[in-house]
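Heads up, the next two complexes both have chain A, just with different partners, chain B and then chain C.
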Partner chain A sequence: MDGEVKRSVRFAVVSWPLFVAALVVAPVFISNDYMLHVLVLIGLYAILAESLNIVVGFTGQFSLGHAGFWAVGAYVSAILMIRLGLSFWTASVMSMLAGYFTGVLLGLPAMRLKGDYLCIVTLGFGEIVRIFATNLEVTRGPMGIPGIPTPQIGGFSFDSELSMYYLCWACAVVTMYIAARMRHSRFGRALMSVRDDELAAVSLGVNMTYYKVQAFGIGGMFAALAGSLYASWTTFISPDVFQFSDSANIFCMMILGGLGTIAGPVLGAFLLAGLPEVLRQFAEFRLIVLGLLMIILMIYRPGGILGSYDTAGSTRQVRRRKIAREV
Partner chain B sequence: MFFQQLVNGLAVGGIYALIAIGYTMVYGILFFVNFAHGDIYMLGTYCAFFIFGFMGIEVTGGVINVPQFFAALIPSMLICGVMGIALEKFAYRPIRNGSRLSAMISALGASLFLCNTAMYLFGSQTKPMPKLFAGEYITIGNTIISYIQLAVLVVSILLMLALHFFIKHTKLGKAIRAVSDDQRAAVLMGIDMNRVISATFAIGSALAGAAGIMVGIYYGAVYPTMGAVAGIKAFTAAILGGIGNIPGAMLGGVLLGIIESLGGAYISFGYRDAIAFFVLIIALCLMPTGILRKGRT
Partner chain C sequence: MTLNINAVSKVFGGVVALSDVSFSVEPGAILGLIGPNGAGKTTLFNIVAGVFKPTAGSITMDGRHLENEPNYLRIDRSIARTFQNIRLFPNLTVLQNIVTGMHSKLRCAMIEAIFRTSRWRKEERDSRIRAMELLETFGLAGRKDDLARSLPYGEQRILEITRALVTDSNVLLLDEPAAGLNNVESARLVDFIRMIRDKMGRTVLLVEHDMNVIMKVCERLVVLDHGVKIAEGEPKDIQKNKQVIEAYLGRKFADEVGC
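After this line comes the complex of A and B, so read on.
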């Protein structure tokens, strides 16, 4: 192990328990339901941003259609629960499978495309999902699906904000943990090698197609989990919830926090999902300020708030590209 | 039916093409997608809305004539051009040497800023726009062509011809072509990069402003979020034609408009937008560099 890895391991041993402990005790200090509501929302966005991070941060595949997976998860889960009477747990596992396969499906054209072309294809994917949700009969079109049951276990029902807070953040922590473990695994290193230098990765025998498709699949799976949680939490979903602006928002959370880091997307979720709620008294200005903030941050800290170590790869790549252009 | 949809598609396609040109020109020079472009287009519509108000034209059910149309078109294009220059100066110039990713985020930020500023200043509700000609039309066979569709087509074609002339036959146009061909060599030949980039943004934004006014009059409505969908469509058009390529953007816009209209009529109106995206995805997989590719990507 070199020094860098050792340091990051030592950091992880302290930071993970601290983070989890903070999450567990937080409701003791936050008694009001509105704040808990905001925290649940942040937890859901944390899952979304973290799962997008696997696609964009680890594998370097641009994706501007992440809300599409979110919608797939929410609709599959809601429809299975209402039409087939499945429990939340079965439905959410099914929705994660659906998210995975949708991701693989989207990964197929992504094999051939990169950069801006990939952006537009993923963006188109998000729109296509929304258009289908608006037009299909099973999704009840623009009217949406009301009365989605809440998760239940034994006799206990997750119908309070507090119980949903624990459920959502448990899922968020699991997602973060899996992402963190993945990053240091053979699988994760293969993803990052594809990101840093496709040609070199392929020359060393990394099956690029497989990893790109898997990255989309896994990203889609966790986003679908967030969707499934969202559906049962709000008990109502409609196509309006899953707009392009949400995909862009999730993308920004990931970038602002720090692309390719584990804590970054979660921090981004706190900033972009939490701040607008906290600043609700300035409702008219909050998105204006947010837009300005994004520009300013990109000028002064383009790697994101936590991004320094991890973005080294991408800046190196930029430099290499620049050199290549000059030669 | 077929020809009717073709005419509808051409009118909408001309508008997409005008917006797509802005995306493609910026991409050809700076290699990033200016997500705030759709919002400049929206501001163009609002400019016209206020100019009509200033001229004392009733916006609800009002009718304007051709001189009034141009009286609104030209100042709106100018204002949009200036806004394009300002946008580049504040949001993109400071990070020009950064990664493409930060440029993209900055663009998303600028888009958020413009859209929400418009919402704050003008209100989020849809406002009516006056009509050009009082719904008159001509009939060829079974095909109905309204005057407004003709006007949109004619103005789009005129603007594209003007752009073509500008790019091919003026010094600044030559400089823009030189920079998009080879930035380094262009700078070494003494071309002022900043000037070229400002000009690119000004032209693209002015055309988007023109498209905004025409859409406002065509559909009779203006609202702050109108830039999002139009922006996505125009971006699609730019990629379809081969991004970085101006004739490609024109072709892509017109094609997208026609595909959408025909798909909406023959397959399903509700899935109209989805059809456009499906075609795009298939086209990209088969021809990853667009229909008219640029030398390099």
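After this line comes the complex of A and C, so read on.
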């Protein structure tokens, strides 16, 4: 095996178990439900940001409508559970399928568009989903859907914050892991090649249309999973939960943490979903502080907090190698 | 594997970029496509590479019609290309660039990468070994972990050619491979192109402006001017061809040379 892989394997061998262990142990030190509640929310945002990362960070397709998939997942899961009495597990798998097909459906018209135009189409998609939810009968319009059952397995019910914490973060870790593995597969490399240079990718036999559509599908699928978890966690959903501001927020998490990295979006979720809670006593200044933070970060680390790691890391290596050669 | 260009025409709006151009590329040939600016070389090149569809005429590979196939299937027909303004995957490493070039040959689905099946491990290992072999051959092995965008221009060129080679396509289309290279680099390029044909048995079709490179490496030339094929033959004959001299330097000069 070569150096790059060895290094990344060594890094992965240490970082993954550490991260998972920290997540497992964390509730021991956090006894109050409020903190756990915030952590569950961070976990859901982590799934959302990570799934958006597959579309934007891996494939380079800008999407400002990610909350739309989140809503699709939440509504499909809630409706299936309440109307058809399905269990959470079946309903969430079905909602993931729905998220996937919605993603493919959005991907089909979106694949011909780039940059600003794509942004507008995806933004429109997010709004369309919200407006559908507001006006359809099956979603109960603006009244929303109350009384969504919590997940149950055997006799155990995930009705405490602690149990939902573990469930949500288990899903988040699986999403992260899949995203991480994706980069080492033919599929993931095809996505990244489309991001870096479409024409070159096509000249190597990459069916660009297929991969763009698939990226939207897979991104939509995991966002729907987050939606399904969200619905059962809060037991109530309504159209105004899934606003454009959420799409923008998820987008910011991904950019802030590091576009195209695995840990970046999760870090972004911690910062952007966690900081507002920490800064709650400065409620009025919260958004100003966050905005300033974003601006400063984008000036000094345009690739995101972890995003520059790759490039900085490799230039540092090159520099080190050069020094070694000179010595 | 013979690549045939049969009576290809291409019209952009009212501009006739190519009219009725025919020639064939025999297996194992190094064929150069030359002509003054605006002659239609790049248009023809793009038609062969599948970027444009011809207005009339056909492209065939061993009798199989390619002109209406989507671009990404060219690799399956054993045609690979490089670009005039190098198109690497800048944010991937040198090694990742090469392995991405094997896209059409790898078989493992994403699910196998997630569960790290033995088939996936073997495929990744084999493709890495194969990529490293090629990188050794072209002197880029030491750069394998560097991002493609951090390479100097000349090495980016070589990397792009290597990426096209790893597809195992029989026909290699090179679009102005010597553009922007210095003398040392283009001499190296000439050696590489020869090696690609002699040692790897590939067929090469190149568009090029640098006459030094053309005369050194090509065994046969096709000359275009204003969308029309005006000459075809060996470089030494082309050099004396009156129509070619006229196209490049004007009639007056052609008369003075006295062809």
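Going forward, the second predicted complex is superposed on the first by the 306 of 327 C-alpha atoms of A that agree within 3 Å, B and C clash if a C-alpha of one lies under 4 Å from a C-alpha of the other, contacts with A are read in each partner's own complex, and residues count from 1 in each chain.
In this section, a residue touches a chain if its C-beta (ideal position, glycine included) is under 8 Å from a C-beta of that chain, and two chains touch if they have at least 3 such contacts.
As the structure is a prediction and not an experimental result, all values here were calculated from the model.
Asker: Under the stated touch criterion, which partner chain does A:207 make contact with: chain B (first), chain C (second), both, or neither?
Answerer: Second partner only, chain C.
Asker: Give one of first, second, both or neither to describe whether A:199 is in contact with chain B, with chain C, with both, or with none.
Answerer: second
Asker: Let me test your reading of the model: by the given contact rule, A:185 touches which partner, first (chain B), second (chain C), both or neither?
Answerer: The answer is second: A:185 touches chain C but not chain B.
Asker: Pick one for A:77: touches chain B only (first), chain C only (second), both, or neither.
Answerer: Once the two structures are laid over each other on A, A:77 reaches no partner at all.
Asker: Name the contact category of A:139: first (chain B only), second (chain C only), both, or neither.
Answerer: After superposing on A, A:139 lies clear of both chain B and chain C.
Asker: According to the stated criteria, A:298 is in contact with first (chain B), second (chain C), both, or neither; which is it?
Answerer: first
Asker: Both chain B and chain C touch chain A; at which residues?
Answerer: 314-315, 318
Asker: Would you tell me which residues of chain C are touching chain A in their complex?
Answerer: Against chain A, the touching part of chain C is residues 49, 51, 70-76, 80-81, 83, 87-93, 95-96, 99-101, 103-104, 106-110, 112-114, 116, 120, 124, 128, 132, 144-147, 150, 163-164, 167.
Asker: Applying the document's contact rule, which stretches of chain A touch chain B when the two form their complex?
Answerer: That would be residues 109, 112-113, 115-117, 119-121, 123-125, 127-128, 131-132, 134-135, 244-245, 248, 251-252, 255-256, 259, 284-285, 287-288, 290-295, 297-299, 302, 314-315, 318, 325-326 of chain A.
Asker: Which residues of chain B touch chain A in their complex?
Answerer: Those residues of chain B that touch chain A are 27, 33, 35, 90-91, 94-95, 98-103, 105-106, 108-117, 120, 184, 228, 232, 235-236, 239, 243, 268, 270-271, 273-274, 277-278, 280-281, 284-285, 288.
Asker: Okay, in this complex, where on chain A does chain C touch?
Answerer: Where chain A meets chain C, its residues are 1-5, 177-178, 181-182, 184-190, 192-193, 195-197, 199-208, 260, 310-311, 314-315, 317-318.
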